[in-house]
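Heads up, there are several structures right after this.
Two complexes are shown next, each including chain A; its partner changes from chain B in the first to chain C in the second.
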Partner chain A sequence: MIDVGNINQAGSDNKNRPSLVGLKKGNQKPVSWEKVFGFLLISPLLLILILTIGFPVISAVFSGFQDQRIIGSPSAFVGFDTYLKVIEDSSFWDALGRSGLWVAVNLVVQTVLAFSVAFSLQQNGRWSKSARTWVVLPWVIPTVAVAIIWQWLLNSNYGVLHYLFGEIGVDLGSPFGDPATALFSVIIVNSWHWFPLGAVVIYGALSTVPTEVIEAAKVDGATPGRIFWSITFPILQPVLFALGLVGSLWSFNVLDSIYLITEGGPLEASTTAPVYVYDLAFSEFRSSQAAAASVLTVLVLSVAALLFVRFGRPKEDA
Partner chain B sequence: MRTKTFKLAALVTSAALLLGGCAAPAADPAATDPATDSAAKGEIVIWHMEGVPNRVAAFDALAAEYNATNPDFTVRFETQQWDEIYPKIAGTAQAGNQPDILFAIPDFATYVRSLGLGQPVTDVVEGIDASQGLLDASKVAYQDGGEYWAVPLYGMVQLLWYNKVMFETAGLEAPKTYSELLATAKALTKDGVSGIALPAGKNLATDQVLYSLMITGGAANFFDESEGIALDSPETVKAFSLYNDLLEYSPKDSANYAWGEPQAALNSGAAAMAIEKGQYLTPWAAESGLDPSQLGCAPIPVADNGGQSGSIYYSNGAMVLAEDDDRRAGAGAFLTWLMQPDNYGDFLNAEPGLFLPVTTGGADLEQWRQNEVLSQYPECVDLLLKQSETGALFGFVDGQYVEKIGLISGQNIFAQAIQQMYVNGMPPAEASIWAQEQMKAAIE
Partner chain C sequence: MTTFSTKRTSHIGNLIVWTKKLPNFVSQLVVTIVVFAPIYWIVMSSFKGPEEIIRSEPTFWPETWTFGNFERLFTSTKYLVFLGNSLFLSISTAVVTVLISLGAAYGLYRIRVPGSGRIAGVILLAYMIPGTLLIVPLHQTLSGLGLIDSLTALLLLNVAFTAPFSTWLLRGFILSIPSDLDDAAAIDGAGPVRTMFEIVLPLLRPGMATVAVYSFVFSWTEFVFASQFVSRQELQTLPIGLSAIIGQYNVDWGLVLAGVVFTMLPAVFVFLLVGRFFIGGLIAGATK
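Here is the complex of A and B:
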């Protein structure tokens, strides 16, 4: 930062300094043309962001103070009544709980799958080389197709998986139709759909681990486990942190997979927070309640994200 | 001097970018707004929810045929999904860029009207009625306040479909009553085959099958005169109870079934019976590997005491959402053209068996009766037409027009009641009261 004293004393050195368009009174901080120009250049984008993010958020908060049923229908201001109605609805908290479970199990399953695949891809065999291409297939398949594929694979009448498990004496029952298994079954489908993203990112990060350090550790007699925890994992930590944060927020908001496979059922067994909000808005036509629920969900999600950042961020010396 | 020029250029560039950023959104809606877009081209945009490829192709072919007649407004069909249409049409209502014509069913039409959309089409309906004769059942569900709010296009009705080979092997006849249906389902459930395949997912498919059984059980009308809900009648409980009992003989993953799974189960030989609409005709022979004569069809079984013949009946219609007089006239002209005998048969053939005629002469249209699919199942086609005569739809029974029915049907409360019994083990009497309370809450 350039201070006023330097400007006054600079003399001929000022030729090499940025041109100044003015000085702020009070704090005496100068504003450069480049800075103004920079702000002007990004101002259309900022304006669009404010309109596309700020307006819906404010609109949702405001809608939560009303009692609107169908979107666009007349409504009245009811203070905090709508928010209280959502807070008092046990289904809302149940849905939030399921969302927590959904995020946690998805994170674990996808991380295990992604690491396993990433390590496999690091090998130099023919299988590994070809796998680098086709392992991303689940990721590129549209969610609608994924939902249909898994519904048919697990159908009790003609599902291939159902048949194969039956042949070895395992009755899969009704994975999507049984309240005890519906949520976990959809988690498996969702994890299968998204794990290649994590695998590709981790595979990329693994390639940044210096081989000479690994070799040195091997020479010193370090076991593969010790090498992973003491060398590989610390180097991967920043990437894993970012992946975990973004992936968790992403995962939390998944609606399509769940809705396409179970519609949140049977009963509410797989109704997560996004499904709850969607049902409120478009099945029960309670748009203000849906807005209030989404605002409350965002608050809970923000707290969770802050905690993740606070306690999950890798240490600087890691 | 150069610095000044640079500053000026920078300022102008920034201002242009800023103004461009502000101006772009204002220009965009015109580019994506179907109404504005079609106005410029003299085109009527029609939204329908019949996304099956053969239906889309048939509709597009009809549009091309109509456009070749050089009408004032050409037409273009756009396919939407039932799952998405509720929020989507609400969005268009807010933005004012609704399509000119929207395909609808009666309960959905009440929802669309509650959004402030929809124009009376009484003149079009009366014109078609005078020339082609419209079935009363198809019209009444769209009549409110002395006006018609949609032009009836085609009907849909359910039957009991069954695999004749399985029935003959077991020495069974098509069931006619509740108790016969249950006994037949039980008798046919063996060797990995389910006696019947029923949907029990939280969806409209489940709602529809249950309501068919409610009709034949004498519980078609569950609204009292003041539109209060009374679902706890003995007739309703009997229908709930039957459905729950039948699910014992349905595949174990029925709680996740909608329309496709029961049909696939019947066609693959995994189930002996299913209750559904006429879309079962087209794929039967190819998917089952059996002769068309081996697909059995029968009226929905009726309650042992006090039952009556019937089925859920959907009169599918076209709402005119265009607000401009010229566009409304253009929409009316197309719908009138569509219902003319020369074109109507082709329209019904978009899905043979599922789309049933709503005109008095429609049943005898040669191009429809001679359709390559329908001509193989003449008895079932006649039965579908016969069932149409006694069909009903909740909220529109005996001339009713329950404005808030859309709030109830959108939540699939019947289906949720089925799940309460099937998944949670709730007794039928409690499930009917639970559904009643849910419906009351829905229209509060």
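Here is the complex of A and C:
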């Protein structure tokens, strides 16, 4: 009875700050049933995250202080030796650098693709209406299938793209087999797989831009470029920020496309950080070293993410 | 004379209309080709016979249609077993993710438990740690739990990697439901549980559908965990089965492409059914 009375008052008397009133009254009864219920609702997610992320992260940090080879084999404590081994391995830093390149080029290619597609989705007409749904198809196709599709299209013996480019006098060679082009070719494939998600989100954000404002700017004689940078872009900024952060993390994390197409080769030309870690653990069977490399990578990644948040976050008052 | 000139102006008029429409038309054509051409090509190729499929001058329409590739897919591989596993895993991932992220989002953004801002931060932080970097320690954790070589392990991992993003997506939906509704329910004497189930949840249906599709697709395409933590063939999912076909000595492209078509189909089918809601939901959730 008392409980209901509290909520009652919170709801009706003080519309501006209902939670504050609720808390004050709550002092008589330290924890309200509602809050307990809230914690109960959150706890399954927290439990799963502790089990599948928290616990493994801690175990990776410890494993890095050991010298385990095959997972599960006996190991000894070796201090910082394993971490040092990773730090002194130039392939580790090369892989991180390649990851940086991978994330940056993916971000650029996908942003350009997503923006241009988003603009055409915004048009009126039957095409745009239907495209808003089917444009997501490449994302729905499993990565394995995407990898095979592009290997088939670009196959240097029977690939149709190879053939078509040959007809206009361009020899594509074998884009995944040449160290100079392998990483970039996989980036194209990965971008094809992922750009739809960005396109749809940007399209959604574009439709929140008030058309009256744009019309007014047009009347005042603003150029399309000016309109984009002064009106559209500031409105899109929060969405682009979130998309850029989440998208970069997702693309950093990509292992399957790369591994399925090039296995990190040729000559490590497409060995990004996740591929490097994966190879250490499952081809070279140095699981402690792989764990140490993971920990170091997460540290580097956190610094990068912090910098991104620090400098990329849209100003609150804008 | 006069007829001639009117004809000319109308030509010029047409030309102006055309040049205005042209960039639009070209970009629509390009997007259509970028999305559909690869899919078209795979589907066409999968109906070609063993000789036609590897011809150096490819045919854009099969000369002779054959179902041989699909026959081999169903007889020489365990496609149906893989399909069953994938369906089971993806559907259960979708259900569990919806339940868990709904609870979390409701607790964090509706009830606003004390410290909810910090908890949301921790969840996002956990989400930022790349899953592929955790394979080694995950292996130890899962074998400690006795879950290696089980679909339960994959379910657990898929949920762990879809629920944080889903919670964030649902945030947008929850914030768009006016809190006056809760207050009104409270006045009517509804407790927090009843308010959640009878007032708010029905309004969250579009959000739940979005999360369900997202986690279904994630699980349908997931490769790394499925390849590492399950080794028994009768438990493998479609992506693993498909990569095993291509891994065999001489690539049988016909068989591989038939496999690709039948790996895409179920996901495409699901998407055609509910895709519209998903797109709407993604937009609503992400732009709030």
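Things worth noting here:
Here, the second predicted complex is superposed on the first by the 271 of 318 C-alpha atoms of A that agree within 3 Å, B and C clash if a C-alpha of one lies under 4 Å from a C-alpha of the other, contacts with A are read in each partner's own complex, and residues count from 1 in each chain.
Definition applied: a residue touches a chain if its C-beta (ideal position, glycine included) is under 8 Å from a C-beta of that chain, and two chains touch if they have at least 3 such contacts.
In this text the structure is predicted, and so the values were computed from the model without any measurement.
In the superposition on chain A, A:157 makes contact with both chain B and chain C. Touched residues of chain A were counted for both chain B and chain C, and C has more of them. Within the superposed three-chain model, A:90 lies out of touch with both chain B and chain C [touch as defined at top]. Of the two partner chains placed by the overlay, only chain B lies in contact with A:70; chain C stays clear of it.
Once the two complexes are overlaid on the shared chain, A:124 sits clear of chain B and of chain C alike. Contacts of A:177 after superposition: chain B is touched, whereas chain C is not reached.
In the superposition on chain A, A:262 makes contact with chain B only, not with chain C. In the superposed pair of complexes, A:211 makes contact with neither chain B nor chain C. Looking at the shared chain after the overlay, A:41 reaches both chain B and chain C. The contact surfaces that chain B and chain C form on chain A in the two complexes overlap at residues 19, 33, 37, 40-41, 44-45, 48, 51, 71-72, 157-158, 281-282. Put simply, chain A touches chain B in their complex at residues 19, 33, 37, 40-41, 43-45, 47-48, 51, 69-73, 151, 154-158, 173-179, 259, 261-267, 281-285.
Of all residues in chain B, those touching chain A in their complex are 3, 7, 10-11, 14-15, 17-18, 20-22, 25, 83, 86-87, 90-91, 93-94, 111, 114-116, 194, 200-203, 251-257, 261, 264-265, 268, 270-271, 407, 410-412, 416, 419-420, 422-424, 442. Partner chain C is touched in their complex by these residues of chain A: 3-4, 7-8, 10-12, 18-19, 33-35, 37-42, 44-46, 48-49, 51-57, 59-60, 63, 71-72, 116-117, 119-120, 123, 127-128, 131-145, 148-150, 152-153, 157-158, 160, 163, 192, 196-197, 200-201, 203-205, 207-208, 239, 242-243, 246, 249, 252-256, 260, 273-274, 277-278, 281-282, 287, 290-291, 294, 297-298, 301-302, 305.
Interface of chain C with chain A (complex): residues 24, 27-28, 31-32, 34-36, 38-39, 41-42, 45, 53-58, 99-101, 103-104, 106-108, 110-114, 116, 119, 123, 126-141, 143, 145, 156-157, 159-160, 163-165, 167, 179, 182-184, 186-187, 189, 191-193, 196, 217, 220-221, 223-224, 228, 238-239, 242-243, 246, 253, 256-257, 260, 263-264, 267-268, 271-272, 275-276, 278-279, 282-284, 286-287.
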